[in-house]
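Heads up, there are several structures right after this.
Next come two complexes, and both contain chain A; in the first it sits with chain B, in the second with chain C.
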Partner chain A sequence: MPLIHTRLITWVMALVLMIPIAIGLIGTLLPAFQYFPPLGEYQLSLSPWRDLFSHGEFYASLKLTLITGIGAPILSLWLALSLLAWGYQRPFFTKIEALLSPLLAIPHAAIAIGLLFLLSPSGWLVRVFSPWLTGFERPPNWISVQDPYGVSLIIALVIKEMPYLLFVMLTTMKSIKARESLQVGQALGYSRFTLWRKVLIPQLYPIVRLPIFIVVAFSLTVVDLALVIGPNTPSTLAVTLLRWFNNPDLSMRFMASAGAVFLMLCVVSVLAGWELSHKLTSKITRSERSNGKRAGLSDNLLRLGVIVGLLALLNGFVALVLLPIWSLARRWRFPDALPSQWTLSNLERAGPLLLELTTNTLLIAFLSTLLACAISLIMLETKRQDMDKQHQHTKNHLFDWLIYVPILLPQIGFLFGLHVLLIYLELNGDLCAIIALHLMYVLPYVYLTLKGPYLSYEEGYLQQANRIHYRPWRNYLGIKIAMLKPAMFTAFAIGFSVSIAQYLPTLIAGEGRYSTLTTEAVAQAASGDRKQVGSMAMLQAFFPILVFWLAQFIPRRWTRWRLFIKQCVIRSKHFFFKKDTQC
Partner chain B sequence: MKKTFIAASMAAAFMLSSVSALAVTSNDQWQQTLEQAKGQTVYFNAWGGADNINDYIQWAADRIEQEYDVTLKQVKLTDASDAVNRVLAEKAAGKNSEGSIDLIWLNGENFRAMKDNALLFGPFSHNLPNYAHYVDESARQSLTQDFGTPVDGMESPWGMAQVIFMHDTETLATPPKSMNELLSYAQANPGRITYPEPPQFLGSTFLKQALHELTPDTSLLSNPVDQVDFHAVTAPLWAYLDQLHQVAWRNGQTFPSSSEEMMRLLDDQEIDVALSFDISAASIQIDRGNLPDSVRSYVFTKGTIGNTHFLAIPYNSSAKAGAQVVANFMLSPEAQIRKQNPTVWGDLSVLSYAKLSKEQQQAFDTIPRGIATLSIEELGQTLPEPHSSWVTALEKEWRERYAQ
Partner chain C sequence: MLIVKDFCLSLKDKRLIQHVSFDIDNGQVLSIMGPSGIGKSSLLHFLSGTLHQSLTATGEAFLNDTALHGKPTTARRVGLLQQMPLLFPHMSILENLLFAIAEDIPPEQRHKMAQQALEKLGIPDKANALPKELSGGQQARVALLRTLLSKPDYLLLDEPFSKLDPALRRDVRAFVLAEIRHANIPALLVTHDSEDAKAMQGKCLELEKAT
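After this line comes the complex of A and B, so read on.
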């Protein structure tokens, strides 16, 4: 991209990103120290913190948050690596890869509801085996979902996060030359899992470090998923905070703000701890990795991971299949494995709403993702030019770090602070405000997905083209972007599904004036009507799945279609030209 | 003769005009409100979790558009406190006019929070023609005392609710009709009894219902909680819950999140008794295929908790006239009759039956009831809500005891 003033662009972009983040943070920090003019509080004080630390539910929630928030990413990482090591470059694995996108695309709340349908004592799993095997005429009094230990929450998190990690890892395979390493290693007699463990995973980890951090921060701070499938006596810290923020007793807000600040500190320290333990692990295992043994006992860890990972995937899919079944059910009582009466009226009822919700959802998702793609390209180009000039390949931009701040911060505390800014700007309840907030959450994912392919692009093609015919913009689009098509489409699909899944940002910026499929589905999820939820979730899942499918379908056929259209145009020109001469 | 006639008729004319002048001032004021309201858009923040209620609001919106040229738009909330927070955020930003919310559906704690923080417009309800015509304030304490907080015209009544219980006659023929019977039933059938998790409002209401039945002196409950010995008054409640949780659904470690979830569990036969604040909930869910048609409603022998819900206007609303027009329409016999229809919503009317015309009374009499809905007589006695300060105290104590 023939950009000039790259340094200026970098700074302007960084500033534009920084302002809302800073104001959101200040809007949370000040109430945490009792400063909140609308409630007549102008004195800084530590009392919110004293309240917080003397609150029993805070400690219980914190414990649960740490267990689920650290347990889920470790499990997800383990399973994703195991599946990758087991299946990479094997023919059947491409089918699993293709099946990942629906799991990735579907909003968390919908997955959680699906899992409730599947795993609860009256769920499908028990229904299938009842009463012929289990003898249950009525559902057993088990605690298989919303359990106080957070196991079901961890399962839901893993089902949502493992596909994401696997997806990100698959896109980096080329840059670590995985295939070549495997070929060389296998020729040297290393077993497949050992090779991954000793050679590929240590190379892979630094590249996917940020996605892992995102997953950790997400697990520690998620609200909608924890609301649906997490325990509620106590809930995770994020949900407890949300309840405090929404408490009619407005003075609870101070303690909630202090809690939100604490949750941020929590995220930071868990990430620091995570990085430290990675350093430690790689130090401890260094001698083992280079001992030359062709197989090892810890390979079994990966083998076990494959089985658990496949089970988790299967769980996710069955949960997804249950959604449309529920949306078509009229009567479906325990222990029937399938509905006894079917109907279309659940869907008919949702029909008129659908049009409005779909328009809003698609408009927001398309605009925010397109903007995110454009900004990502500009930022990556300035980064590339900087790197070229300084011949430093490790140096990071300022906003390389900045853009991750929104997704690493807990949404609840941060967004309330931001809401006050929107009201000052009279942008509250405005479509632009929703798109801007979505952009904050879409941008990091799009940027992250594009970063690797864009920076590793062989610039020589473009330079050569410009030497032959100097048309910098046209060549940039026609050659570089065209060659990066698969990455562009993937980034778009990911950004799109991220936008569709946003709940709190849509609600807070849109003030409920703009409902999307997600805000509606979560509002319905609370009501517990499985038919409604099933219908909503199905609709909500349809568009991201479609876009993911298109992202895989179009790039391969793009050139063929383009040439075909070009040919048609040429032919028709000839045709008209002949006609003209005849006349 | 002619003169006297003219004088007399003039005097009569003066008399007439001065008599009507009294009526005209309030009528004029209302006409003015109607004029101002024309063309306004009213953003109505209302809980959006039930389709039938959303449909009813949409029906009202169409009627109001037709008749008054006011556009009513529902902003669906998961909790009324979201709206309270939004008005507060607007006040924080110094947005004292042109606020984003024009009308809120609320009661109890949310009303108290808004009233105490001066976030409300009013008093206005007494100026609504339909309020003056059809509402009898002495009919129910909850019309003037919203969970113990004086209403003072700052909100306009919309409907009434009462706690009902539901049971499936095929699995449970004679349901437990008091708190103690409920406990003995749970002890005989472990895992089949539960209640929504406080602070969900129905869960808190269950606590209030239990407290009302178990505490020796119920008159203490109408005082603010800091004026009584909370621990002494509530001790029987916690002792009761400690026993109940041991034999409750999922051993009292998890609780359903709402009435809707309870009905789902009843349908799944995970539990035997569900509760709701909507007297026609059972009929509606049977109609939708969400409950078997053997489910019936019932109330406790000594009565169940009931309350009134209201519409209020934030102080910074940009369409206060339009909001009043909406509140007035919602109080019309037409709107209240439709609302009480169980296939529409089934929410109890706030109008005084005695103040209605013959035709209107007849219309109320002919409202069909679903197969599982109790009649007004069958609903029996309504127990008053405790003072609204009790809710927070009970919820806090509950969470400290059972949610850590």
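After this line comes the complex of A and C, so read on.
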């Protein structure tokens, strides 16, 4: 990109990134100390904290948050590592890899709704075994979802996070020379799992530390997933805080803000604890790594992980398949395994609503992702030019730090802080505000996806193009961007699916004036109208999967298609031209 | 005619090339040889105006009577051919050639020029093929013709034959020389291979480590 003033652009961009983060943080911190001008509170005080710590629900919620928020990432990491160790470089595993992307693409809420359909007492799992095995003619009186221990929430989190971690790990395999290490190790007589335990996982962990942190922060602070499938009364801390923030009694906001600050501290301390325990584990296992044992008992931990991991994947897929079945079901009595009558009328009945929700969803997703792509390109170009000038290819740029902040901070609290800014700017309830908030969460993922391919692009092509024919902008688009098409499409698909999954940003910026498939699906998940909820969740899952598929399908064929169409046009011109001369 | 006067190159305090002068007539190729890291490629970058900031170069370069050294790359009308053919992988061969032909020429004329280039290469049927469908030798030739179609005033060749099969090299070398003579522009070739220099039938300049 023929950018000038890159230094200026860098700082302006950094400022634009920092302002919302700073305002969001200040907007959470000040009310936590009773300072909130919109409500006429100007006196700093510790009373929100006193209220918070004397509230019984706070402790119950905190306990649940810690159990689910630490349990889910540990399980996800264990299962992802086990599956990778078991299947890496084996032929059938590429099939599993291909199945990962739909699970990656679909919004959390859709997965949670699918799991609700699968695991609840009247869900498909019980139906399949009833009545021939269980004897149930009616749904049993179990609490298998939204259980008070958060088990179903943990399952949902694992099903969503494990594929993500697996995906991230697969992309780093080349850089740690996994294949070669395995060959060398196996020649030395080591078993596959032992090699992973002793050689590969220790190398892999530092590279995927950041994605793991993102997963931990997400698990501790997730709202939509916990609303659908998490426990209520008490709920997890993030959900409890959301209820307090939305309480008609505005003074609850102070306590909620204090809670949001506490949640932020929780994330920081859990991450610190996580890192500490990693340090300890690697210290303890260090001597074990070189003891020469070719196989060990702890290999079985990985073996067990494979079985559990496969079960979790299977769960995720069945949950996905149940969404369209419910949306097409007319009559589906317990304990039938499949609907006895099918119909399209569910979709027709909800047609106008679904159309409106879909339009909103796609509009927001398209605009925020396109913006994110454009901004990412500018950011990457300034970074590339910087690297070119300084010869420091390993140095992290300012953006590489800033970009993670929004996804590591808890949305709850932070977004309510930003909401105050939106009200001042009179942008609350505006479509622009929703797109702006989505952009904040889409941008990091788009940037990270584009970063590798963009920076490793062979700049010689672009230089040669400009030497042959100096048209910097046209060549930038026609040569560089065109050659980076696969990465651009993938980044777009990822950004798109991130936007579709957003719940709180839409809710807070839109103030209920704009609903998307996600906000409506979450709101209705508890309603019990499974046919309608199934329709929404199905559409919610459909678009990201479609876009992911297109992003895989189009770039490979683009040039062939383009040349083919061009040929057709030329041929038809020739055809008409000949006719003309004949006449 | 390309004239270089008193060219010196240094990296920080390290002197690389000292006081090199030469001139190249139209249709002639001057070959420059020398050990790796001496700054042969940097000389090309100096002439094309893309010298890296960490290097300091002094000296003057003239094309006929106009000074080159002060001009930006885009105003120099330079053609550069590198080790890699750098054909754009997402464009057909024809599109790659058309890319180089000036815009102000009428479309039919442009097409004709590109088609002629393909015929010269003996691959008129490959117009709509993608670069990866061509052999290495063909790619190298297409890359040269693409550069020449942009009508450069002088040509810089940075080891363009080194990635080719030895068997192919002879043909490609002869092709390059014939095309340069045909275009009647001065060309500077940087190479490791004395065979390259011989094949170009021009003068050869050996650079030595500065003391």
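Keep in mind that, in the parts below, the second predicted complex is superposed on the first by the 473 of 583 C-alpha atoms of A that agree within 3 Å, B and C clash if a C-alpha of one lies under 4 Å from a C-alpha of the other, contacts with A are read in each partner's own complex, and residues count from 1 in each chain.
Operating definition for what follows: a contact is a pair of C-beta atoms (placed from the backbone, for glycine too) under 8 Å apart; a residue touches a chain by one contact, two chains touch by 3 or more.
Not measured: the values here are computed from a predicted model.
Applying the stated contact rule after C-alpha superposition, one finds that A:515 touches chain B and leaves chain C untouched.
Within the superposed three-chain model, A:482 lies in touch with chain C and out of touch with chain B [touch as defined at top]. Looking at the shared chain after the overlay, A:465 reaches chain C, while chain B stays out of its contact range. When the two structures are aligned on the shared chain, A:330 is found in touch with chain B, with no touch to chain C. In the superposition on chain A, the chain among chain B and chain C reaching more residues of chain A is B.
Shared-chain residue A:246: touches chain B; no touch with chain C. No residue of chain A lies at the contact with chain B in one complex and also at the contact with chain C in the other.
Across the complex, chain A meets chain C through its residues 389, 391, 458, 460-461, 463-470, 479, 482-483, 485, 558-559, 563, 567.
Interface residues of chain C, counted against chain A in their complex, comprise 48, 50, 53-54, 73-74, 78-80, 82, 84, 86, 88-92, 99-100, 102-103, 128, 130, 146-147, 149-150. The touching residues of chain A, when paired with chain B in their complex, are 36-39, 56-57, 59-60, 121-122, 138-139, 141-143, 146-148, 231-234, 243, 245-250, 329-331, 333-334, 341, 343, 349, 416, 419-420, 423-424, 428-429, 507, 511-513, 515, 520, 522-524, 526-532. Looking at the complex, you find that chain B touches chain A at residues 43, 45, 48-51, 73, 75-79, 81-82, 84-86, 88-95, 100, 109-110, 112-113, 117, 190-191, 197, 199, 249-251, 253-258, 260-261, 263-265, 267-270, 288-290, 292, 392, 399-400, 402-404.
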